[in-house]
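Labels run A, B and C following the written order; every chain starts at residue 1.
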Amino acid sequence: MPPETTAQAVLGPTAGAGAAVPPAIAVNTLTKRFLAPDGGYEFTVLDRVSLTVEEGQFVSLVGPSGCGKSTLLNIIAGIERYDEGSVALAAPSGRAEAEPRIGYVFQSPRLLNWLTVQQNLEFVLEAQDIPRPRWRSLVAEYLDRVGLGGQERNYPLNLSGGMQQRVAIARALAIEPDILLMDEPFSHLDAITARKMRFDLVEILQRAKPTILFVTHDLSEAVFLSDHIYMMRTKPARIFRHVPVDIPRPRKPEDAMIFDLEKVLIREFFSVLEAKE
Amino acid sequence: MRIRPIVSRILPGAVTFAIGICVWQIISLFFVPVYFPGPGVLADRMIAIYSNPASYVVVGETLSRIFEGFAIAMLTGTAAGLLMGRNREIEIFFDSWIMVLLSFPAVCWAFLSVLWFGLSQAAPVLTIVLIVFPFVVMNIWEGTKAMEKDLIEMGRVYKADHALMLRKVLIPQLMPYIFSSLRIALSLSWKIALVAEAFGVASGVGQKLIYWFQDTRVDMMLAWGVSFMIVMVAIDVLGFRWWARRAFAWRHHFAT
Amino acid sequence: MALRLKTFALRAGSILLLILFWWAASRLMHDPDVLPGPMAILRTIATDLSTPGPEGKSAFFHIGITLARIFVAFFAAMLMGTGLGLAMGLSRICERSLLAVIPLMLTMPTILMVFLAVLWFGFSEAGGLVAVMAVVTPYVTVNIYEGAKAMDNSLAAMAITFKARRPLLVRKVYLPQLMPYIFSAFRFAFGMTWKIVALAETFGLKYGIGYMFFFWFEQFNMTQVLAWVIMFVVLMLILEHVVFAQLESRAFAWRHSLAR
């Protein structure tokens, strides 16, 4: 992959024009096209998408499946190319390193099944060049935080789906990321487990406070968790609305304010869908 | 409790095996032992062969050729298979070479390597390598294609470097394919070794086979062939299966 | 389109490079007894094909004999292997008894099989046929047996609830499901057959391509050995990648008809 088109390469000078503190993530009129493998037609996955996430915010990106949300996360994570526009990431103010550290929780756990839970965490610690003496305490701390203390020596295949996803979350947190990308992390879990995990996530994030971009198709999840919501549509694949969520924390999922906002947002989705028809 | 299933699993096989031995013994009574030896005669000949210490040298020679050829073919084949699986251009460029290599009969290489290297150690080893290499490449190549893209992507997100990626993400996923290649390669290697020795060199088990073949002594030929077969099967079963069980422990590991 | 052109260019380039290597190596060796160059080989092949060789037999005669042997042995092994594999899938007794024998046959070294067949059945066509069948049949049997094991029972149950009779069941339900296995056995068996026929010809049989390998090998005629090896390899490559590929794409037309 030529480096000039990955997200990391656009860091620095272009970021934060004017503002005192540059936003943690600034995506500007980003366009991404796929070429069908036989070289036939072109297909626009992201059409001039812009969004900003300030340092320490929890921002959700909501949209129907297939609207390019995951592609956007991959571009921000630097593993996919894009065609036009820019992506700028900034490390938190007052840190020497220019590059922010990125954690990623995927839709499926993506654990290395041949390694123990502890070794799975150590894999990313080694990848991120975190000094070996710190591994032990980091692994213990973050496994404990996701409620998996004592499972260090177990293999992923012995864990339930929910526990595997917790390991994946611990793995993302263990590198103490500046930016945490989450791609529908609870969508493969059953409703009850997912609900419990949402509570736990809020709890965990009280202490570590990374900037979070959270992708979901579940509006109530987005409203419950986020400070800001960006809504995306397909054909063209664009962001059509930005909603700040001013509901005070701590929140409860059955809060009337959450229900109200969810209702408003669902109505907006439908009006956009109908307008397309 | 656990003995019953084992008995019921082994018993039918053992019974057919015993019946087979009896039938073989009975048929052999109608022939001259030199032409169609029974199990008793065969055992007798094997004892005769292995009470002569020189026989172990013969077996040792063949084994050393097998392992040399096998090791070279495995290493080069795995590397080439990985490269072909990971890089589209290399794949397209070299797949016709592999196809050509695959369609060479072992005898051809045996002849060619004798003509090139004479009756030396290199001739049978080269024959083994040239026959086994493309099979290993095909197998590893397939394994590389079957690797999970998701995990590779995960490694890239967390910025794992090439060495770490290879050690923790790629090689473990390749392990089943490496194991199946090892077993295919071993069984091919020793069969080819015998062919190559029969033509190429004046030593080893293969030479014994062709010697007794030309002397039309089926009993001696079988005694050499079958005893060597037992050695190779033992290596396969004791070595590889045991190792494979350990390497894939994570699949069956349960918390205690 | 561009992709296809690139693929073609890469393939052509790789074959050219192979020939170039060969040519360069032969020039460096400078000894046609060790490694004759591609042109010398081409000339030898041309003369072999156009003029009668030793004993007044032309190259086409040997090629024809080898092909005939390959096809007879191949079809015999396929038939027998498919029959045995099906029998194993359908009957417990067959399964048990064959499962005891087959691993033994699979581990038996090829050369021992060939020698045994030749000693027992003589330096004759029968000896060669037995040798090839003894080596190839177990592989075919195992493959077909696996296919029979993997058969979708719910489909058979469906057919039986519709009162399909056994011949119909075999023809319309069992065989189509077995086809992929039969085909993979087909390919595999073919690849093995020609190599063993070559082996049997070098040792025991009169005439044929393998016989010619040995004939020239004994005279230490490198150019002729290489010429025959290359004729053989090219012939087999054509058979496998052109003829079989055609057959296969026709047999599995139903799989692709939806995509079109």
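The criterion applied here is as follows: a contact is a pair of C-beta atoms (placed from the backbone, for glycine too) under 8 Å apart; a residue touches a chain by one contact, two chains touch by 3 or more.
None of these values were measured; they are calculated from a predicted model.
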Practice task
Specify the chain with the shortest distance from its C-alpha centroid to the centroid of every protein C-alpha atom present.
Solution key: B
Problem - Chains most often in contact, by C-beta pairs - result: B-C
Problem - Distance-maximising chain from subunit B - centres being C-alpha averages - result: A
Exercise for the section: Starting from the mean Cα coordinates of subunit B and subunit C, work out the distance between those two points in Å. Expected result: 20
Completion exercise
Per the C-alpha centroid definition, the whole-Å distance linking subunit A and subunit B comes out as 49
Problem - Interchain centroid distance [CA atoms averaged], subunit A/subunit C, Å - result: 54
Exercise for the section: State the interface residues of subunit C toward subunit B in the complex, per the touch definition above. Expected result: 7, 10-11, 13-15, 18, 34-35, 96-97, 99-101, 107-112, 115-116, 118-120, 191, 194-195, 198-199, 202, 210, 213-214, 217, 220, 222, 225-226, 229, 232-233, 236-237, 240-241
Completion exercise
In the complex, subunit B touches subunit C at residues 12-13, 16-17, 20, 35-36, 89, 92-94, 96-97, 99-100, 102-108, 111-112, 114-116, 187, 190-191, 194-195, 198, 206, 209-210, 213, 216, 218, 221-222, 225, 228-229, 232-233
Handout entry: subunit B contact footprint on subunit A (complex, rising order)
Key = 74, 77-79, 102, 104, 106, 108, 110, 112-115, 123-124, 126-128, 154-155, 157-158, 175
Exercise for the section: Could you pull out which subunit B residues touch subunit A in their complex? Expected result: 150-151, 153-161, 164, 168-169, 172, 175, 250-251, 253-255
